[in-house]
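Structures given as structure tokens follow.
Below, subunit A partners subunit B and then partners subunit C, in two separate complexes.
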Partner chain A sequence: MESFELILPARGPFPVAALPTLRGVVASGNLEVLLEPGQTPDACAITVNTSAQGFRTIWEAVLQDFAERHPVGGLRLSINDAGATPAVVSLRLDQAFDACRSAQS
Partner chain B sequence: MGANDINSQDWDRLTRNRSERLARVSVLALARGRRVAPEHITTLLEAVIEPGDRVCIEGNNQKQADFLSRALVQTDPEKVKELHLVQSVLALPEHVDLIERGQVSRIDFSFSGPQAGRLARLVESKRITIGAIHTYLELFARYFVDLTPRIALVAAQAADREGNLYTGPNTEDTPAIVEATAFKGGIVIAQVNEIVDKLPRVDIPADWVNFYVEAPTPHYVEPLFTRDPAQITETQVLMAMIAIKGLYAEYGITRLNHGIGFDTAAIELLLPTYGEELGLKGKICTHWALNPHPTLIPAIEAGWVQSVHCFGSEVGMERYVSARPDIFFIGADGNMRSNRAFSQAAGHYACDLFIGSTLQIDLEGNSSTATKGRIAGFGGAPNMGSDPRGRRHASPTWLKAGREARRHGGMPRGQKLVVQSVETFREHMAPAFVERLDAWDLAESVGMDLPPVMIYGEDLTHIITEEGIANLLLCDSAEEREQAIRGVAGYTPVGLARDKRMVENLRDRGVIRRPEDLGIDKRRATRDLLAARNIKELVQASGYLYDPPQRFRNW
Partner chain C sequence: MSGAIMNKTIKRRISYYEAEARQRVAGLVDEGSFTEFCPPDQRLTSPHLARLDAPLAFDDGVVVGRARLGGKPVFIAAQEGQFNGGSVGEVHGAKIRGLLLRAVQEKPAAVLLLVDSGGVRLHEANAGLIAISEIMRAVLAVRAVGVPVYALVGGSCGAFGGMGIVTRLCDRVLMSEEGRLGLSGPEVIETVKGVDEFDSRDRALVWRVTGGKERCALGEADRLVDDDMAAFREAVAALLLQSVAVSGESLADLRAAQARLSARAEQFAEARDGLEIWRARGFAEPKGVPMLTADEFNRQLSAKAQEEVPA
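Entry: the complex of A and B
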């Protein structure tokens, strides 16, 4: 088990959307992500709880790319991970982001 | 005098030796005609086998001559010894037991999956010499040149009282083994599940068979090609979307072979949904060299498939296959006949695409499933996954790939598409992309001539990962090729070490294509896109003709 927090600069404010949104499940090889309004409008705050040890560098790379792909300013993400691969993490984050945005429009 | 000399030479030593072996069986009264009682089989093996014989125990990753293997392990090591095993697989514990009992001096084979660890230890401790690890076709070829078996122990579904054999849907390797053995002075012994008065059809004629024995239990068959759609992940769905839109549609691939695995099962299950939506029915995936994969049922039922030739059968698919004679190769008796040698040749020469998966890919695109401490072999993959230099017939797909590869000139010719589909990280976060294949360590530790590579980089044309497709045909230099590979290697150390500018340049040139470049909406990559989401839905799709093995039933 490993936990850490990240604050990533955002390239834009998060569009008004249906929050909170929960996507995914904590099952083997999978993860759940909760999207909520955060405190800082120009940054994205992320908490990661993962069952796997020693992959913090990869997590940071995956999350940084996510924050570059989408306007995530003012968002707070909580991730509970049960050994998902980076492919699953990226896909799930993109799905969660798009889901709460399309729920709004 | 010269003519007399020639005539006095021995030209029939093999035939006379065979007669001597058969005479020993007669003296001991071990057979009635060709029929042997199960309790006499071990004694019979001791009577017909001579030290140093090349022996083929039939088995593939599907059916196994398991009763005859057990009987061989019961023989007296003083009588049955120094054997040279020449066979497709070393898969049963008995195959390796025979080595441990000191009865085998040399082995030539293709695949050893479940016994790979034990085999590596025996080689490391120098208790066995490996001649070579072959592909299936390569080993069959050597049966007709320098590795002809003296003794073949084969498995059939049934024999009649004369000794004709019915091998049925699981014919597999039997014709190749028996033909080589029977026509070169060898002895063929068959275990059968039952003895009947009249066979549905004759697959092997009785005069190629010396003995048959009714095994106390039916021969083992592994349902190796059954993939439960319930285990297909969203990442695999995404990669299947990329394959269909970015590759199958792009090249108009009609003739193909799929490797085993969930990645290719996902493609099969996306044809009637995503493929249909893209208007690709009739334009791709019509002719196959493939085992009867249960996951192909929805595509067959939706009218996508025109022809499937099979290497072997698949447990539970027999009734379904028999009910689709326009698609499969069915005898006058109404049952399929598979044939591994012909299907391997079909996959090599008559298919325009092979797509499979692997454990590791290096920076040159070489891929291997070899890992240290396991000598496993690759079965048929190297033949499926290589450009056949002897091919001379053209097809639009083959010509398009050839044009891409030879766009800078030279003699025009086509090229086979050889594709690896891998998620960048496997389970337990093992990276699929590496600087150096584990195959090098294995080769060093057990003294192989070469690192065991499954598919050479020079044959590989495309890599698909969750990040997109790398088209290696379009790379102009070794450096570009390396960056194209790094560019789809995700967050693996190999992927993180990419030259970002060069990768973006390759993307602009269409060498690397991301899902968004292909117009693929990643949000749609969910399991809802699968034409069947579990085994039960496959059974329903088959009109209840598919009868899955118990272990795949959870209802």
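Entry: the complex of A and C
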């Protein structure tokens, strides 16, 4: 397993939403994403636990892209990954983000 | 096709088989009624998998909690078949056992076990085995205080190993044809006894032997349900409306059950395929059975059973 933490600047505060929210499952080529309120209102704290070693640069690119596309300030993301491809990771992140926003309305 | 037909609202079928554990819980219970015990943000993960440097899940592959179904309070546990085959590790097992022991105290209308598991998590060895035996004992403790336990089997991992036994300890078993129930799985039987005994790659045979239609015909499952979330929900709701007469199984009941099982083992000692069982159960066209809808299958099976009751 490879683990790392990232703090990414956010382009805006996360809208009030139903937290915590979990999406996805830890299965081959899949991952789970847990969204919780974090400590830093202007940044997004991310923890990644992945079974694929040596892909940190790609992870950072995918997560950066996610943080640029959504207002993620004050969010804490925790990821358990079992070898998902970057596209699946990106989709799952969007799905989790949408899920906790739609749950509040 | 005419516009009128095209515009008719067609109810979208949601596959129970394909759904994740959390989607199954959400699809079965009254909307917004579910409260999870030991939710993922508590991070009750497996210490054994961590020691093996294997991927963890925040819920250790099982969702437990309380909800309402048709307004009635139920406790519910849903195994996630996609995480390590729904296998029962120490934490996974403790969550199910804890739910059952809480049910002994709080006495909900029923406990629903959404089984989707190959059995013990082999990575966790004895801890997993102990966890399964604790679940078995706890199921019996819940039944002993008059709370029924219903097993739902319709996931891709089915109900095998220790979870197959747990399933058969429940008051009622609801199954889809896609769901499977057994002790040793097909691959295990083939590995141990050879391909002549059981060809695990013959998928149609695997389902004719372990699938829901076979298990219902043998009396190991009580009702066949279509692979449809709404069908599972309706079947559970119907069970909740029945007044379950909990007649503790007396010694005479157990002896009668043992006699029935012995007679069954003798009757089907030479059977190699579900087709033979369906023929013996009175299905005129056994080869057509896999194509029957759940309603049609249940109707034909119960019609035959009533014929057999001596007047």
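One rule holds for everything that comes next: the second predicted complex is superposed on the first by the 105 of 105 C-alpha atoms of A that agree within 3 Å, B and C clash if a C-alpha of one lies under 4 Å from a C-alpha of the other, contacts with A are read in each partner's own complex, and residues count from 1 in each chain.
Simple rule for what comes next: a contact is a pair of C-beta atoms (placed from the backbone, for glycine too) under 8 Å apart; a residue touches a chain by one contact, two chains touch by 3 or more.
Computed from a predicted structure; not experimentally measured.
Participant: Touch check for A:Phe55: first (subunit B), second (subunit C), both, or neither?
Facilitator: In the superposed model, A:Phe55 contacts subunit B only, not subunit C.
Participant: Looking at the overlay, does A:Leu6 come into contact with subunit B only (first), subunit C only (second), both, or neither?
Facilitator: A:Leu6: touches no partner chain.
Participant: I'd like to know which partner A:Val26 touches here: subunit B for first, subunit C for second, both or neither.
Facilitator: Touch partner of A:Val26: subunit C, not subunit B.
Participant: Contact-wise, after the overlay, does A:Asp81 reach subunit B, subunit C, both or neither (first, second, both, neither)?
Facilitator: After superposition on chain A, A:Asp81 lies in contact with subunit C alone.
Participant: In the superposed arrangement, does A:Asp94 touch subunit B (first), subunit C (second), both or neither?
Facilitator: first
Participant: Just to be sure I follow: which residues of subunit A are touched by subunit B in one complex and then by subunit C in the other one?
Facilitator: none
Participant: Looking at the complex, which residues from subunit B come into contact with subunit A?
Facilitator: Residues in contact with subunit A: 233-235, 238, 423-429, 465-466, 490-491, 496, 522-523, 525.
Participant: Show me the residue ranges of subunit A that touch subunit C in the complex, using the header's touch definition.
Facilitator: Residues 1, 20, 22, 25-27, 30, 32, 34, 36, 49-51, 78, 80-82.
Participant: Hey, which residues of subunit C end up touching subunit A in the complex?
Facilitator: My answer: residues 20-22, 39-41, 53-59, 61, 80, 82-83.
Participant: Give the list of subunit A residues in touch with subunit B in this complex.
Facilitator: Those in contact with subunit B are residues 29, 52, 55, 58, 61-62, 83, 85-88, 90-91, 94-95, 98-99.
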